[in-house]
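Dropping the structures in below, format is structure tokens.
Here chain A shows up in two complexes: once beside chain B, once beside chain C.
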Partner chain A sequence: MMLEVQDLKKYFPVRGGVMMRVIGHVKAVDGVSISIEKGEVFGLVGESGSGKTTLGRTVLKLTEPTGGRIIFDGRDITDLSGKELIPLRREMQIVFQDPYKALHPRKRVKDIIGEPLIIHEGASDTEVRRRVAEMLKLVGLNVEHMDRYPHEFSGGQRQRIVIARALILRPKFMVLDEPTSALDVSVQAKILNLLSDLKEQFDLTFLLISHNLAVVQHMSNRIGVMYLGKLMEAAPSQELFENPLHPYTKALISAIPIPDPKLAKKKRKMTLRGEIPSPLHPPSGCRFHTRCPFAKEICEREEPPLREVEPGHWVACHFWDELREVGVLNA
Partner chain B sequence: MNDKGGENLLEIRDLYVRFHTLRGLVKAIDGVNLEVKYGEVLGLVGETGSGKTVTGLSILRLLEQNAEITGGEIIFQGRDLLKLPLKEILKIRGRDISMIFQEPKAALNPVMQVGDQVAESFLVHEEISKKEAKERVLEIFRRVGLPDPERVYKSYPHELSGGMAQRVVISMALALKPKLLIADEPTSALDVTIQAQIMDLFRELINEMGTSVIYITHDMALAAEISDRIAVMYAGRIVEVADTETIFENPLHPYTQGLLKSIPKPGYRGKLFSMEGEIPPLINPPPGCRFHPRCPKRFDPCDKEVPKLVEMEPGHKVACFLYGGAS
Partner chain C sequence: MNIGEKIKGLVDYFRSEDFKITLILVKKSPLTVLGLALTIFLVLVAIFAPLIAPYDPIKQDLKNRLQPPSWEHPFGTDQLGRDIFSRVVWGSRISLFIALIVVAISFTVGTTIGIISGYFGGKVDEVLMRITDMFMAFPRLVLALAVAAALGPGLFNTMLAIAFVSWVYYARLARASTLQIREEVYIEAARAIGASDKRILFLHVLPMVIAPVVVQATLDMGGTILTAAGLGFLGLGVQPPTPEWGVMVSEGRRFITEQWWVSTFPGFAILLATLGFNLLGDGINDILNVRARR
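What follows is the complex of A and B.
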């Protein structure tokens, strides 16, 4: 197992009033458990406020968890802090969405990509140049790019630089947070291919976070669906798409536009009513009940537990078996 | 639908737009020809820098100060919009042609109640009292599915969610039942379940009112779901136009083919097709066909001459020398 997250919680205090006292908490991640095997791509999907990005940052200990445990490669890293985290940073890295903000505008590519080598290994300049050159070739850039500045590159090239920096210490595990959302489709295809190649070459494990279901299903072995801080469903990629058991998953899948006019006409639509509730005041019981077309009285009162209902297929819904019986969630 | 089906509501002929920038002259639109028929939804699709937004803005003459339209005509109901005095354009904006943008909140005045903003379009274009205007705003708010219209009327933009703000903007754009709506990525800033709601609403309203729509998007799949026809743009030119099914089933231009193959599809997990090279800068666009440096099928004429849009089948036009673009 590469990563095991048990009942993870991350609450952000909300301050208000004249004294700026804590008046409440945003429960961005509220008791989520997932496990990611070595060599796997685990996709995490969800809309605004689902907590997917917070989860990604918390498992890397970029932000302190409020509760739960994080086991990375057999070690409990939940309570590590300060200097204890430095060796860990070599092994886990993150790629952010916006390659325009992720790169220091006044540093050369060599210094951006090579900085981790100096920090972690105290590498000499010659050594840095050699390893940066090697890395540039791996991500599909030229060695001559080493002495240029980020503004000289296109969005796709910048994302390659970000990936090179994340990879230079040869991590085992990477969080990819919306890695292609800022890119054009033709560029997205290249970056996704590059990530797949690098994963094979370096035996990487990915946590891929995205609102784009098409991208997630293309890349992932298993997928988890989050809504307002909770995991609603998790299953192997194909299983989730062909046999969704949670009404929210079904709604998400049916909301993706299909790039095929003939198939699009045949698709069974399930459009949700209403807005995504504020994570500051999430609904009681099942957090999805305010928008769920099948909600009953119990859904408002009681939170459904996440249960493994078939091998590897987890769902948190009171009525998953009845809904499956009547076939309302079929594709 | 409309009894004038098949006729053109809008015709863009040989449009050229340049931007004067510190880095040089940007040749953003380079000879665009496009028609919008009565009652149809035309998807205008392209990646960054393709010129899809600039084309939309040119129609209403909303381009920035540093832009210059250096050639062409935009004929709307028999009149060339590019030659009309600004006074006439102001009458057309909102009443005959309206536009919706990606960021609904940027389109609203932050210090004015949203209801009053929508009412303004009635008060400017029609001689009605404030009270009547308010009634009509509430009516249209109900129609676009805004909950509690009275409360929304008195709200300020920051009090609304993205989806609600976009419904307000849609109300404003459709308040006067325009003949043409230009929608520029209207759902790109929204979450996918909210996007699905807005798309459903769009479809209903367009059918109900018979409005023609230019739907600008980077998302081929979204275009597929809403458009009758699709025009594909690349680096300031139209490369292919056809009805939606034809574009997906029989794309002719190598760029259209490449674009469609780059999209991740359900059930396919192998390598994605990836086009050679990157989108060219429009300060120094490639000579000839602007796609030729990336084209797997380029040959002699491609880097010398600009291929013309040629009609291959009725309604299916392509600008590529593989299909005789020289004639």
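What follows is the complex of A and C.
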């Protein structure tokens, strides 16, 4: 097991009033358990505000979890802090969503990609140059790019720099936080292919976070669906797409555009009403009941537990069995 | 990074598009050019003071006291017969020296405290910022006067007193920028690769904070010259016979109705120096703002 997350919680305090007292909590991640095997790609999908990015950051201990445990490669890293985390950074890395913001604007590519080497290995300048050059080739950039600044690159190239920085220490595990959503469509596929190639080459494990189901389907072995800080459904990739059980998953899948208009007509759409509710005041019972077309009275009262209904297929819905045939028809 | 690489970087910058745009912006603003000219003039005068000044600034010549401006003494002579032109020229060295040292100290101390305060936040921030509030509650000159009075007069103490009251402005400014920058993704990225707080502060935050603080430093040069002159004028700064502008204005006060030149010329020097730095600082500020908009 590469990563095991048990009942992870991350609450952000909300302050208000004259005294700036804590008046509530945003429950960004509210009791999520996932486990990721070595060499696996686990996809995490959900709308903006579902807590998937926070989950990714918390798993890497870039923010402190409020509760739960994080077990990375057999070690409990939940309570590590400060200096204890530094050796861990060699093993777990992150690729950020927006490559326009993730690179220091005043640093050269060499210094950006090579910084981990200086921090962890105290590498000399020649050593840094050599390994950065090697890394640049690996991610599809030129060695001459080494002395340039980030603003001289396109979005796709910048994302390659971000990937190079994350990869230079040869980590085992990487969180990919919406790695393509800030990029042009034409570049997205290239970056995804690069990530797939690198995964094979370096035997990586990914936690792939995205709101784009197509991206996740393309890359993941297993997929988890998040809504308002909770895991709604988790299943092997193919199973989830062919046999979605949670109404929310069904809605997400039916929202994937189909390029063929004839097929698109055949597909029954299930559109969600409204916006995702505020995580400061999540709905009672099942969090999805305010937008669920099948919600009954019990959904408002009682929170459905996440149950394993078929081997490897988990779902949190009271009526998953009744709704089996409802919703999407696969095109 | 070795020195050769740094020089190469600098040369690269002067050739770059970026620098050309800066030059164009400078040319477009006549006041900045004026400020720059005055500043350069002041620096040149200070450097070449021994060559420019025709007389010894301290040597007295009691036979020739209080002479009005003439060809021999362009700014006249003072109550001890010293050539005022020579004293004003030498005075530029004192003023510039004070301004540079004071700004260097308050810049370093203030920026360091400011980025620490902004980056760590919480209690550290609370304590440091309340300290700056205490400093800012007093007018700068009044506080500097108190400190100078406690330390006793003299060049070194003057610098210490002014630096003591000036760092807070840098701290405030650096903190404000740090508050924004610490939320940036590239700072989180630095944490993700395992950079220590110290490394993040000085290698990642500092380079982004420095620009507005440099503007403040330029503006502050003028203010410091003025404050130093103020302390000199009140007798708590540099002591006679050192040719310090504030001291000279003060000494000429007694003769202001009959021998106007004694106070007027050093006063003018203070005016021009302060004006020069302020115009330059404003200009740099405008240019940075324009470039920030790009």
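Everything below uses one rule, namely that the second predicted complex is superposed on the first by the 324 of 331 C-alpha atoms of A that agree within 3 Å, B and C clash if a C-alpha of one lies under 4 Å from a C-alpha of the other, contacts with A are read in each partner's own complex, and residues count from 1 in each chain.
The definition used in the following text is that a contact is a pair of C-beta atoms (placed from the backbone, for glycine too) under 8 Å apart; a residue touches a chain by one contact, two chains touch by 3 or more.
As the structure is a prediction and not an experimental result, all values here were calculated from the model.
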Side-by-side fit of chain B and chain C on chain A, or clash: fit
Touching partner for A:272 - first (chain B), second (chain C), both, neither: first
Partner contacting more residues of chain A (chain B vs chain C): B
Arrangement angle, chain B at one end, chain C at the other, chain A at the vertex (C-alpha, nearest 10°): 80
Touching partner for A:23 - first (chain B), second (chain C), both, neither: neither
First (chain B), second (chain C), both or neither touched by A:298: neither
Minimum C-alpha separation between chain B and chain C after superposing on chain A, in Å: 9
Chain B - residues contacting chain A, complex: 47-48, 161, 163-164, 191-197, 199-200, 218-222, 224-225, 244-245, 248-249, 258-260, 262-269, 271-275, 278-279
Contacting residues of chain C [partner chain A, same complex]: 1, 184-186, 188-196, 199, 204, 207-208
Touching residues on chain A, where the partner in the complex is chain C: 57, 60, 62, 83, 85-90, 93-94, 96, 98, 101-107, 115-116, 119-120, 125, 162, 165-166, 169
Chain B partner contacts - residues on chain A that touch it in the complex: 47-48, 154-157, 184-190, 192-193, 196, 211, 213-215, 217-218, 238, 241, 251-252, 254-262, 264, 269, 271-273, 275-276, 291
